[in-house]
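Here it is, the structure in full.
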Amino acid sequence: MSWVAGAFGFWGLAWWINLRIAASRQANTPAARLAVPVIFGVTLLVLWEGLVRGLNVPGVILPPPSAIAARIAVSGPILWADFMQTFVKGALSGYVIGCSAAFLTALAVDRFDFLRRGLLPVGSFIAALPIIGTAPILVMWFGFDWHSKAAVVVVMVFFPMLINTVEGLRSADSMSRDLMRTYAATPGQSLRKLRLPAAMPFVFNGLKIATTLSLIGAIVAEFFGSPTVGMGFRISTSVGQLALDMVWAEITVAAVAGSLFYGSIALIERAVTFWHPSQRAAN
Amino acid sequence: ADELTLQLKWVTQAQFAGYYVAQDKGFYEEADLDVTIKPGGPDIAPTQVIAGGGADVVVEWMPAALAARERGLPLVNIAQPFERSGMMLTCLAESGVTGPEDFPGRTLGVWFFGNEYPFLSWMSQLDIPTEGGDDGVTVLKQGFNVDPLLQKQADCISTMTYNEYWQVIDAGITPEQLVLFNYSDLGVATLEDGLYVLESTLEEPGMTDALTRFVAASMKGWEYAAANPEEAAEIILENDATGAQTMDHQVRMMEEVGKLLSDSGALDPAAYETTVSSLLSGGSDPVISKDPGAGAWTHDITDAALN
Amino acid sequence: MRQAVGPVLAVVAAILVIWYFAAVWMNAAWTQQQAARAGTTVTFSEIVTDTMQQARPRLPAPHQVAVELWNTVVMKKVTSKRSLVYHGWITLSATLLGFGIGTGLGILLAVGIVHSRAMDMSVMPWAIASQTIPILAIAPMIIVVLNSIGISGLLPKAIISAYLSFFPVVVGMVAGLRSPETAQFDLLKTYNASRAQVFWRLRLPSSLPYLFTSLKIGIAASLVGAIVGELPTGAVAGLGARLLAGSYYGQTVQIWSALIGAAVLAGLMVGLVGVLQRVTLKRMGLSR
Amino acid sequence: MLSAEEIEGFADDGPEPTDTAPRDVVIDARDVELVFETNDGPVHALQDINLQISKGDFVSFIGPSGCGKTTFLRAIAALEQPTGGTLTVNGMSPDEARRSRAYGYVFQAAGLYPWRTIAANVKLPLEIMGFDKAEQDRRAQDVLRLVDLEGFERKYPWQLSGGMQQRASIARALAFDADLLLMDEPFGALDEIVRDHLNEQLLSLWARTEKTIGFVTHSIPEAVYLSTKIVVMSPRPGRITDVIDSPLPRERPLDIRDTPEFLEVAHRVREGLRAGHAYDD
Amino acid sequence: MLSAEEIEGFADDGPEPTDTAPRDVVIDARDVELVFETNDGPVHALQDINLQISKGDFVSFIGPSGCGKTTFLRAIAALEQPTGGTLTVNGMSPDEARRSRAYGYVFQAAGLYPWRTIAANVKLPLEIMGFDKAEQDRRAQDVLRLVDLEGFERKYPWQLSGGMQQRASIARALAFDADLLLMDEPFGALDEIVRDHLNEQLLSLWARTEKTIGFVTHSIPEAVYLSTKIVVMSPRPGRITDVIDSPLPRERPLDIRDTPEFLEVAHRVREGLRAGHAYDD
């Protein structure tokens, strides 16, 4: 029980510290921006460790963070190979292809009203193609290696990106559009100079959501057939062996990679949409 | 009545007919049992379910069960209705594979999720590396179906005698066009579809008695199912909530499963030893590192059930 | 609505044409292999005919899927296990519950993040991390844990569905709730409006365009989540179970009809959100 | 009151305008009507608008708020579609004229793009019309100097005061040499001195380039000082109540505002304006 | 030129203001300084601002565009934080004053919420301050009548002309009875007649209620007509160059604008303004 009590005590303390940091003058410094989530995360880990130990949860249900850390420490090469296979080859290429395809489709949809009315409803169909249905088919079509994983990712990220871009391209206010009309700007010009910049906050919403989707997609697709390397392969195989520490080691890698991926997109967003009220004031 | 929950290893199909028949025919009820049967699936590890308290008894393959045991989940085999393994490696003859000597350089489909050990120990016996290359084999983690063979993505794939093999046949490939490697014949087979419980369950008062009645009723179900494949298949169809199974396929599966069944349901210690030694030698990354010990199985239940 | 019919039909028609060509192209290999195994040769027209009617095609022809859909949607009683409507309904109920929980949670989190710096700085990174956890990997654990505390049935599926749908809502709503201009905040500041008042009177109305976009993505994600959630619950019923059974037995046509079923379901729900969006924005005078 | 022949194009619901348009008519409005449909019933923003504007005219529109000045300017620029009557610009439909890039427009609100710096905002039309880089820089610098915004090139719109934003938007419209300038209260947020300064600049630009200018203002002196023609409007429905041709010479020093002619015109405009208003207290 | 004792709180870089503040000081600025940090270096929006405003004063701020009028008003309203000096409102910090709902603010841009009808926009502060429904309706109706927007209650902001939007935003600020009214060019987009009308209304409101009013305008006559105190500012950095206490009586008919006192004050303001400008042409 002392483990549990200790964990909750730590939680309270950490929360208090975070509140103090967030309210302090240094809240906007890089150090604080890093410290707060780290403290929060450490809290979660301590809580996890405490509960698992305190409540005697069997390691085959949920291993404690310490066991996971130990596993990560000894499995570097395996984790790295899996990461390269799944994230770099599968998720990243699928992300790039899927987001660009959706973006280009959105441009076409935005340009031709006919497509907007015809393609958009059909596009929302693609949104719901569940990975469980698409993955076996795409593995059959594109083989067991990362190509089929990239294809799954393409299908998964397409819709969020499409709908956000389409919505964004329509978000410019009417006066800004009128201005373009008075210049008799061509559709291409008004796209480049007005609608694209105005769409950026939405586009980045899509890009951010797609980061995590791409990772989930690439991993889960490996459940449906893969070479003997990859994060999804390792996870499903390890579950079969009840090697839950390995499962969570892979999940940890996925979480770290996903957060960094998301973070880098968010950084680009800050640079590109610096003018948007949501970025201008840290409100 | 005593309540028991049984977690299957896979979806509702004739592979588990004995339990469904015992349920449907009232054998459990007669034994004063109230049994809940939970279908499994590709994403369900019965060992995990039993660890989480979601089931009292699980149908599991021995490699997975022993691996779990070594990781601290004390599973005990209380009965082994399947005395033979049904797993095979199935190759297209046109690929040119005629025997193990042709494997180097080939692509082979293997089931993982705890089912890869027979294959791995066979390969280590043959001294063929599984990391690809010219003198090794390229291993694919095979999905649920036989498409890799039909689409020629693999030269050989894993099949069960009672299921996937027939899917290949149904797809239009004739038996002559196939080359089969049956793990049982190769002597590397591991035991499949045994009944496992936690040690703590055996220690609960009255539980041994309930499990005894359960095993006895289940074996009665198996006997009935093997004798009446048509009726067993019908019962399976009734219990299949997906509505995807077909009568023909299930009747045939029942017939094939019948060939694998043991009469008593008692674990054959010799087969157990074969399995354990095969697992201990399993290539570079053995499934289990030490003998699981005597506690890994018991004849108490089956002995009692036979009386 | 009405003027959308023509374009949609045109797009669908185009897709069908491409689909037919693709079916011939992708299935021809099997036809030829079978002919080779039988030691015969096939003419082009024989290939075309055969590719239209294979039992396990790489890509089923549209009419094969249509027939399967007709058989499983129209010809079966909706209470039958073989009816796609029955399975669709099972999935839909988990989807709706999951969507409710997911959007509710997503909006709450977004509200928290926008209002509390501590939450913004600490929760957001972990919400992101949570989404990088492959759902299919932890779904069984969720189910097992919930099971051990006596929760089973609809709720576990709905929870997995919610897990997938809350994130797009959080991301969209955080951006939306922060989208008002500084000047619009300043106005309320001069009234010394409380945070609640700022929320109801400014942040929420301004976030609506973002909200609806998020909802569209969220409801599609919920559906995917509900289907994913069907696997570790034993995949006994629902579109996910159909998909799985189809893929397990290599019944491509059944997979495709379940896929189309899911897609139509999603299309309808996204369309519904779209209607809701138009009605709301119109009532708020925001649609011009 | 001025004599009758000085009233051109004036229309109440009285006589039709002459069918033979005078020399070089740039804008020709005949019975133009514009009704907005709203949730709350139709709004008659313009009714029976008859007006001819010739090349080189400087026309001011003045009238109570809500009388349709902006709407009329927008209709000329093809940003609104009249619901009745005919409106031509350079003999073409407004939309054709728009597509031939016939005008520069200064909106009532500045409407700068927040993701562009001030200089980039001013260069926007130049980029669109395909001016080369060096020319863009030169012109942007020129017009920014004209509106006294040197040194603010690299600021973003939200870093500027209201009046500075308005000046930036004027600079943007002046940057390319449109023959027809439509300006909707361009100097509303400026102080008297800057305003006088910009008035002079605008007049000299106009005199130099023979542009046609449509100009909405609320300042009677400004209207009289700048215009060759003053159109007085009244609201509900928006219509023209008076068209005054200025007797002032084209050459106008600032102190022309103290001459009797000036004051007389101003007086007439004020009377017209007052007539359009509800309260006489 | 007015005599020296009429100049109160005037500060260039000369004498310090008297430390003993006069009766009932509402706003007390001492050495206020405000610097914006931008991508392009710091902008000195306000420097050495010393000013006392007493209860019941009507203070106009006038100065070239970009001289910091808006910034100063925003600082008083606690919308900007001075980077130097002290600023108190009713003896409190601006933020405390804001929290006690001490002011009504009319922004330079109308800033109506597009999803609310005009009436709902006007009721916004009333809702927030918890007035009951009937009272909200009554007040909204009153102030909308005051700014001549009856009949537009159910329209949306974008269905209104620029001037109408501005009047709606004035109505919104008047709807609740703040003791301190801060108005940033409220009448910029209005024609002379409406403007005169609203000037009168504002004066009578002020006289009736003893409000303290801070008022930014670009119109010299307007500033002189309305104010008890005129603050002239000049830019780069923004500072006060002159503070003029009006010799005009509190009771002011419109034709006071033709009196010599009026013209003299106007002249002094104009001189002050001109001095702050770069060009003398």
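Which chain is which? They are A, B, C, D and E, in the order written, and residues in each are numbered from 1.
In this text, a residue touches a chain if its C-beta (ideal position, glycine included) is under 8 Å from a C-beta of that chain, and two chains touch if they have at least 3 such contacts.
What you see is a predicted model; the values in this text were computed from it and never measured.
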Each chain counted as touching chain A and chain B at once: C
Chains most often in contact, by C-beta pairs: A-C
Centroid comparison with chain E (C-alpha atoms), farthest chain: B
Whole-Å gap between the CA centroids of chain B and chain C: 34
CA centroid of chain A to CA centroid of chain D, Å: 51
CA centroid of chain A to CA centroid of chain C, Å: 17
Sites on chain E at which at least two other chains make contact: 109, 156, 158
Multi-partner residues of chain B (at least 2 other chains): 42-43, 45, 48, 51-52, 143-145, 147, 151
Sites on chain A at which at least two other chains make contact: 61, 136, 140, 174, 223-224, 236, 239, 276, 280
Chain-chain contacts as defined at top: A-B, A-C, A-D, B-C, C-E, D-E
Residues of chain D that touch chain A when the two form their complex: 74, 77-79, 98-101, 103-105, 107, 109, 111, 113-115, 124-125, 127-129, 156, 158
Residue ranges of chain C touching chain E (in the complex, touch as defined): 181, 183-184, 186-194, 197, 201-202, 205, 208, 284-286, 288
Chain A residues touching chain D - in the complex, by the definition given at the top: 175-176, 178-185, 189, 193-194, 197, 200, 273-276, 280
In the complex, chain C residues that touch chain B: 30, 33-34, 37, 55-56, 58, 80-83, 86-87, 136, 139-141, 143-145, 147-148, 231-232, 234-237, 241-242, 244-251, 254
Chain A residues within the chain B interface of the complex: 58-61, 136, 139-140, 143-144, 222-228, 233, 236-237, 239-243
